[in-house]
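Quick one: the structure is below, questions incoming.
Naming follows writing order (A, B, C, D, E and F), and every chain is counted from residue 1.
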Amino acid sequence: MSRTHILVTNCNTTLAMTDEITAGARVAASPGTTITGLTPSWGVESAEGWLDSYLSAAAVLDALRTYEGAPYDAVVMAGFGEHGREGARELVGVPVVDITEAAAHLACLLGRRYGVVTTLDRARGQIEDSLLTAGVGAHCAAVAGTGLGVLELGDPARVEEAFVAAARKVLAAGAEVLVLGCAGMTGLERAVSARLGVPVVDGVAAAVRLAESLVGLGLGTSRAGGYARPERKGRAWGRPPREAERVHPRVTGPVTHG
Amino acid sequence: MSRTHILVTNCNTTLAMTDEITAGARVAASPGTTITGLTPSWGVESAEGWLDSYLSAAAVLDALRTYEGAPYDAVVMAGFGEHGREGARELVGVPVVDITEAAAHLACLLGRRYGVVTTLDRARGQIEDSLLTAGVGAHCAAVAGTGLGVLELGDPARVEEAFVAAARKVLAAGAEVLVLGCAGMTGLERAVSARLGVPVVDGVAAAVRLAESLVGLGLGTSRAGGYARPERKGRAWGRPPREAERVHPRVTGPVTHG
Amino acid sequence: MSRTHILVTNCNTTLAMTDEITAGARVAASPGTTITGLTPSWGVESAEGWLDSYLSAAAVLDALRTYEGAPYDAVVMAGFGEHGREGARELVGVPVVDITEAAAHLACLLGRRYGVVTTLDRARGQIEDSLLTAGVGAHCAAVAGTGLGVLELGDPARVEEAFVAAARKVLAAGAEVLVLGCAGMTGLERAVSARLGVPVVDGVAAAVRLAESLVGLGLGTSRAGGYARPERKGRAWGRPPREAERVHPRVTGPVTHG
Amino acid sequence: MSRTHILVTNCNTTLAMTDEITAGARVAASPGTTITGLTPSWGVESAEGWLDSYLSAAAVLDALRTYEGAPYDAVVMAGFGEHGREGARELVGVPVVDITEAAAHLACLLGRRYGVVTTLDRARGQIEDSLLTAGVGAHCAAVAGTGLGVLELGDPARVEEAFVAAARKVLAAGAEVLVLGCAGMTGLERAVSARLGVPVVDGVAAAVRLAESLVGLGLGTSRAGGYARPERKGRAWGRPPREAERVHPRVTGPVTHG
Amino acid sequence: MSRTHILVTNCNTTLAMTDEITAGARVAASPGTTITGLTPSWGVESAEGWLDSYLSAAAVLDALRTYEGAPYDAVVMAGFGEHGREGARELVGVPVVDITEAAAHLACLLGRRYGVVTTLDRARGQIEDSLLTAGVGAHCAAVAGTGLGVLELGDPARVEEAFVAAARKVLAAGAEVLVLGCAGMTGLERAVSARLGVPVVDGVAAAVRLAESLVGLGLGTSRAGGYARPERKGRAWGRPPREAERVHPRVTGPVTHG
Amino acid sequence: MSRTHILVTNCNTTLAMTDEITAGARVAASPGTTITGLTPSWGVESAEGWLDSYLSAAAVLDALRTYEGAPYDAVVMAGFGEHGREGARELVGVPVVDITEAAAHLACLLGRRYGVVTTLDRARGQIEDSLLTAGVGAHCAAVAGTGLGVLELGDPARVEEAFVAAARKVLAAGAEVLVLGCAGMTGLERAVSARLGVPVVDGVAAAVRLAESLVGLGLGTSRAGGYARPERKGRAWGRPPREAERVHPRVTGPVTHG
């Protein structure tokens, strides 16, 4: 039986989060699928906002670029609403599935409208843009935040209550299916689904299965157009080593007009 | 190892087509997945147009309703652009995946825009509406017909040429990924992909993998809203037996106003 | 004076409903227009949900196909939010107007946004999709259900109260015009309009007038593209007679992969 | 038999155009409908462009405001793509139908996509905006100009050729139904329809029938929201009489900042 | 230093309003920019509704057409949600900026979604259409009215309270930035911004700066397509002088069909 | 006279490009505005594709974060179609204007539809997404590439020819205004505008003027919602110094399911 090896990239540098995500990925994976977690060596402790998201995107791409482990068949990017997926599609030679889009794809098969419940309210904009540019925004009824930060997800009972409260808002807005808008919440989807009586999709689980599907069908990223391979050129990933203390951006000017 | 049993419904009554489709489904399926083909006992020889599509939808729903075979874990509806998926979601207690939406979902993961190549041009409208109402129409660059009817798909070389010609149109319209807009074309996707250098998604294969994914993750159709179980009531699936020769719709009137 | 003969198809098999609908159609028709009601000989007692809608579509198309009464000039399809209109456009040689789209077309002429009040909440999705695919969804502010089933519409006072309550919701959502989202409610539009001070459009009435308009102007369905005449082929409308007790869908398999 | 009196407003001051339009309106009207043409006493000889359109809108509204003829039951505004319909809806106590939207409403009933053939290319933007704000833009495949000015429509053969050429463009863009995008072309729709084999909708004819429909059903403009009756206040329709030679807009300033 | 001269057109005939607007424009302008206010010699005391808007559009265009003051470099049209901007673009040889679109353009740079607070609720439709046709409607979360008429804006405290109340509604709908949807409210934006803690954009100020920007960059209206210069033809701006008391629109008919 | 200091960030590390961009910015700036160019100390030589764009975004944000020069009043981000603007909005206390959105904002004021001419075709997707998420995508008729890389822009005659060729494509698609879709092309807009007779907007120039406008009006980024200030947390901008040779992403696993 052929085996599929999926590399799951955490969007932040918190190893405990990678462990949580890879544990969830393993539970979701088909028999025989191997999961490897990849934690960026730099970037953000947790991604909460646009600045974090862009820093995270570069760090995750750098992690993929410098990865020297066993060959893999697909990449799952486990940052909900975080940037980077298109860059990874250019970079690696295997399919790339982002958990945001993945959850939406499966949710569309389960009901007419879905809603996303995420951590902080500030993430709503990123998630909406991510769904829109992935082509699956049309059936998103609402995105709601729980008010909890990514690193406050430790207390399961509190998280569940906050999730259920936010979920009721998106159901009232017309959602028939819920999406867990944060990686690393293994098990929460079952509890919420049981309480609210609607299916709850976890992005990591969805992405693992979609990645397996693409691999199983021999489908890869199109190189015709947007996701052509990166051009050859000079790139520096982070500040130059050794001189780090005194490296600054170069300032030209100021020069006044007129 | 748990086994998944997928019921694949042909949208027409042509058994050879069912065989073709189930053969394709088996090739696409994961190890251990069992495929059963279901051919409606009435309906259309081939579905080409709106009338056929609605007749097909009722016939397929009747086939699902009266199926007495082994229990199944998911339904794949193998009529590209044909109606019925929402009715099946109400009817059966397991996930339902239509090949039209399935192909689009996977295509969105492989490129920024996809295009559909189908049989007759008249099918374009149905396919566009099907993608739109499934929530995945936003990234469809174009739908083009080959001019070949469903039952003219026998000559592989001619089909491939016609497909490649139509595919070039949708690529020119911005597609980066192709979708085969017809069931029962096993193998064509590889030939077209090799010639044009872009990924080609077959709907049956995509749907089988998505169905497996939903089953594997324990996800089912939401009953909150649009896909609640059918109401209990009298339904007659086709004209009353025994009196068939003389059964007509009941005409009331004509009565003129004023 | 030339006379126009309109065939009004009920979407269900309940004759009392056909009578109600044709009575409403006659009140709405221009002087000299003749209305004939057509009740399918099979299908659903009442259409409430997607399964019902697809069964209804096939049954109504079969009724049109086998109709042997006086020639008619146009068809009005009297199932609000139900499927089938595009198939009827292919099938018959005269204009076809569906009451869902008809109500929306007239409503757009009376205010900037309209809202639909229908029976069960579960019908909302079908109505939204029907308006969207008819090209008149853009100005729909909201669709709201009364919670009453199609066959519970007998008690006028209760129906009126339920309607007014749901109507207030769609007005709050921005609607300036109301659409009655169910056939067979003759007279209700006047009562609701009087109480709420906004125009209320009944789909049957709207469709009869639009059908008369198309006939009067000599306009017919385009055969260029989506609504070409059906292909010649074998079609079976419902289970084969005589052998009805033992006719089952044909099951192929199960066969397991690998 | 009740009679319907429709006031048809020409958007320009050219009486021959009013005659043409009212002749077309009469041909399209139901038996018993009375048509009165209304020509603004000021405004534009022909409306070609945005400036003309806004001047025309004010002049037509003034004509409606100061009309002292027989009471009427509905207004048809016969300027294709011209402004003013919403103002007329506020002003008069009867339904108002604009020929742009009217043609689109009927066209949507005849095919999946329609296209508009108009006079000068410069009118495309106005027509697109008019369809969009009327809520019927979604199914417009394309708007194409013939290159002929409004007052160059005298030579029927030349007009027909120009129309057919432009029509082929919109059909190639996906239109299945054509709309004549200019008032005063009575008869052209039949010639073009015969040559191209697709239905052609004339806006004046469509609007007359829609106006009759609204009147027949007792439906009027909603006053809830956008089309409330105009506020009472001072309004001057054109430059003050008697002092016209030397009336100028009042200039305040110039004053320079800082 | 080059100087920019901006002509600011009031949409109504109330000179006090012009003064208010030009005062606001001067505060907003860059050093060296000269502001001239232009008050139409006819039209509406205040523009509140569609009828007023179309009358205003013609009057403002007439004012621009007959303006005989110092040459100017750009036009700012100071009617929030009022018509006319495209006509002015055709008419004058310099850039034209409407305050509705201007406020939206700047608001998009300050937050992900903006909302508009205007005077009467009836203006909502015009504002929505104006934003939509200007191409900046996508990020408008909501438009809300204060219930105050244009000429009731005299009492600053009452205006501020009404504004804050309506502003809370649009913030609840997702707006992160507010737009003052009425000209002539200089200073209000600072008070509201201070109380609600979000940026508030005044359309006049925004338009003045955008007009300066276009002038400074040497950019002018495109003549390719929609905004070509007006055709040469006869136009009459308002009722003919001298005979004003008895000038009526010309009535043709009534003539009854058949 | 108050002075405005604008920091213009190059998206790549090529100092000659920064010089080109700042020269263009100075030409475009109002008298008295001071321009300082900022070149990231790491990142990409030139940004061409998604990978480059995300790397660039992080590098530019790091440059802004570590900038120690004179205080500035606004940031202009000079990467056409590149990511990062929302992160900069969170990070800095002054307005941020991206050249992509800036060009589109001004272009919308000059014609009904605009088109973008960029360097490589592969940039089209990024530009389309950037315009869409900025809220100004609705009026974009087309984005076309010249086939020239960012660093091949040295030969003015060749660049001009390539630009004109691509420009003709977007004009044929309906654009009335052109946008130069690349930073660092000072002067090209005048040549192209002169040859094609349509306005051509340069993003750097547009952004400088819009930034001045926001500063002049005292408007800043909203903190209510999407662009709240970054959370306090650990962030590492590039690989840890000193140990750079051996720093790798941390790999967890592989572990196989089941």
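Just so it is clear, a contact is a pair of C-beta atoms (placed from the backbone, for glycine too) under 8 Å apart; a residue touches a chain by one contact, two chains touch by 3 or more.
Bear in mind the structure is a predicted one, so any value in this text is a computation, not a measurement.
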Practice item. Compute the rotation angle for the C-alpha superposition of chain D onto chain F, expressed as a multiple of 5 degrees. Key: 120
Practice item. Please state whether D-E or C-D has more C-beta contact pairs across its interface. Key: D-E
Review point. So how far apart, in whole Å, are chain B and chain E when each is placed at the average of its C-alpha atoms?
Key: 52
Point to revise | Centre-of-Cα separation between chain B and chain A, whole angstrom | key: 31
Check your understanding: Counting in whole Å, what is the centre-to-centre distance of chain B and chain F, each centre being its mean C-alpha position?
Key -> 44
Point to revise | Intercentroid distance (Cα basis), chain C paired with chain B, Å | key: 25
**Study point:** Set of chain D residues in contact with two or more other chains
**Key:** 1, 30-31, 112, 125, 225-227, 258
Revision key, fill the gap. Listed in rising order, the residues of chain E that touch chain D in the complex are 3, 5, 13, 15, 18-19, 22, 26-27, 29-46, 48-55, 57-59, 61-64, 66-70, 83-84, 86-91, 121-122, 124-126, 129, 132-133, 149, 225-228, 230-231, 233-242, 244-245, 247-258
Review point. How about chain C: which of its residues touch chain D in the complex?
Key: 1, 28, 30-31, 95-97, 101, 105-106, 108-113, 134-139, 171, 174, 176-177, 197-199, 201-202, 205-206, 209-210, 212-214, 216-217, 219-227
